[in-house]
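Two complexes, one shared chain (subunit A), two partners (subunit B, subunit C).
Up next, the complex of A and B:
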């Protein structure tokens, strides 16, 4: 039995361009079979009980199997002129959708998992940053995050101290804002949209809104794919596969403040699909 | 179940500075050898975020987790957290240790409080480890010359000649691993082929 508050959230289920190109997608959402296809020019998501609520945003199709508790979260940067919007595609990962989001919020792993790209020893220290649960938008935000990166983006020339902001906008969707190598007055925006196929299996759809007029599309996609494949080797080897929400099962430090807030936020809202509540 | 020594690998497959996955009675382990050769077996899980330590890396006398680089030293105590270089990790951050012994070219594991030595396997030399997707009954059905339960012994035919073999049985989540040792007079290539053939025949018993 899936909690109503879980059913009332929005989840990514397809890349919009693929459905619009006539590719029907037979997939799963929260353990139930669904089909995403085009009917008379409109994208339709059908489950066993009939049509699901659908919206299209940020290159992806979003579905809500229950009664939507709110509109899909905004990403204002998506409509800023001059940004390149990049649909990266899909990476299937055998892990809890919540673990996939939590890993996206983590910086301390950069030197070890994305070695010489997003981080490198001896630059391993995570400086204190700020985390809050914003009551107005009901989102988790981490700000004033900084980290030394050898190659922060496809367009980077060398090592820089990158600034980050992280935002959990939905139970299985997060957005990060990071220093744009080409512009001092704007952030690059990268989203991770996670489709919960089941509690222990997910499709991860990275998405980007960048200021980068130079890098070929294929290279931008290849760069992000490389990063997420490195993450997958971690995510498929964490025990347990579900995200533990009760303290005691895992040991966080100050560097994990975002993860701690994300777990608290999930627990408080009863968004426990993909979570383990009691230590095994 | 009575605590007992279980073979988890062959010494030749674990050089200095290397970590590998092991199992003891349903527990996943990280088995590793330090730069100076010290062998240790730990619970295969970093207490920080649950990552398998068998995917980690050995540096000197320590094993580090591949996820966030947390460093563990003798007896599983956390020595260093790279995200907080100035911090001395609390003594409570510890990975559970298992007993680990090396004898006759075989690596054995048991619970930390296990007394005594692993069983001796004499007259044979380490050959190779092989993983099977079947159970022990299928192995014994495929090769009636073998007898035993945790340690299978017997004289089997290789290239038309009878040779002693010893198979150390390790149960793991996916089935069985057999750590094979062969008689001193056996040709290692022929013995290795025999093991491979046994695996195929045993797995076919299940399929049939």
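Up next, the complex of A and C:
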């Protein structure tokens, strides 16, 4: 039995461009079969009990299997003129959808998993940063994050200290804002939209809104896929498989503040699909 | 300059990138939107490679579309040490393994595309064929170890090893574990320990084993 608050959230279920091109997607959401297709020019998501609530945003189709508790979260940058919007495409990962989000929020693994790209030894220290659960938007935010990166983006030339902000905008969607190598007055925006197929299997849709007039689209996609696929084999081997929301065997450190806030936020809101409540 | 039409997640493309790195040949890379764009199946790409596969190597007027042929080209340009010993039996064995690498791509490679990028097909058959190929590889490498050898053919790494390595090292991506194949695992470590080795997503570099951790 899936909790009503889980059903009342929005989840990504397809890349809008692929559905609009006539590709029907037969998939799964929260363990239930669904179909995403185009009917008379409108994108429709159909489950066993009929049509689901649908919205289209940030290159993707979002569905809510219950009664939407709120609108889909805003990403104002998505409509800023001059940004390149990049649909990176689906990658399936055999892990809890919550673990996929948590990994996206983690900085400490950069030098070890994304070696010579998003981090490098000996620059392994995660400097202090701030985390808050914003009551007005009901989102988790990490700010004032800084990290030394050898190649922060496709358009980077040489290492820089990159600034980051992280934002959990929905139970299975997070957005990060990072220093844009080409613009000092704007952030690059990268989202990770996770479709929970089951509690231990997900389809992950990375998405980007960048200021980069130079890099070919294929290279922007390849760069982000390279990063995410470096994470995939790690994610598939994390134990316990479900994300523990109660403290137990794990000992978090200062660097894990965002993850701790994300887990508390999930627990407080009862968003426990893909989580385990008993101490690991 | 050699130009490689490349995709970062492709085992076959990585095979060529790895070979080029090992022999110190520089190439230009042209990223192709294999996923999600399927640009390798476009009409435009068909002009270059009617088979619609990656990688494609272009050097002057020469176009190669088979990754094993690219390995031969890169190895031959860099001398002959990567081509295996120059006797009839060794030369034939190298060809045997180059062809065998196609079986790995058709089994382990497809299982990986299924599990990772949602390719449709008979996943059970791909995994079963993958295990069958791994058993053969395990047997061959174990025989080589009994005879004091570390590599598939001869006393040094060759294009035979490089051709077979990527899909084996990535087998876990397709749900095929290497737990039952210790000689294969040791051999993948040997390749990862080579001078000038480069990684790809899913194949991590060998981390320093020394200094050894203190055992209480």
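The rule is simple: the second predicted complex is superposed on the first by the 279 of 280 C-alpha atoms of A that agree within 3 Å, B and C clash if a C-alpha of one lies under 4 Å from a C-alpha of the other, contacts with A are read in each partner's own complex, and residues count from 1 in each chain.
By our rule, a residue touches a chain if its C-beta (ideal position, glycine included) is under 8 Å from a C-beta of that chain, and two chains touch if they have at least 3 such contacts.
Values in this document were obtained by computation on a predicted structure and should not be read as measured data.
Shared-chain residue A:23: touches no atom of subunit B or subunit C. Look at A:132: by the touch rule set out above, it reaches neither subunit B nor subunit C. Of the two partner chains, subunit B is the only one touched by A:253; subunit C is not. Of the two partner chains placed by the overlay, only subunit C lies in contact with A:15; subunit B stays clear of it. Within the superposed three-chain model, A:94 lies in touch with subunit C and out of touch with subunit B [touch as defined at top]. Once the two complexes are laid over each other on the shared chain, residue contacts for A:233 go to subunit B and to subunit C alike.
Once chain A of one complex is fitted onto chain A of the other, the partner contacts of A:221 are limited to subunit C, with no touch recorded for subunit B. When the two complexes are overlaid on their common chain A, residue A:108 makes contact with subunit B while staying clear of subunit C. Judged by the touch definition given at the top, the superposed model places A:79 against neither subunit B nor subunit C.
Overlaid on A, the two complexes show subunit B and subunit C touching the same residues of subunit A, namely 233.
Here subunit C touches subunit A in the complex through residues 7-9, 31-33, 35-37, 39, 115-118, 172-173, 175, 200-202, 204-205, going by the rule given at the top. Here subunit A touches subunit B in the complex through residues 106, 108-109, 111-113, 121, 124-126, 233-234, 237-240, 244, 249-255, going by the rule given at the top.
Those residues of subunit B that touch subunit A in the shared complex are 28, 44-45, 47-52, 55, 65-69, 81-85, 87, 93.
Against subunit C, the residues of subunit A that register as touching in their complex are 15, 18, 87-92, 94, 115, 203, 216-219, 221-223, 225-230, 232-233, 236.
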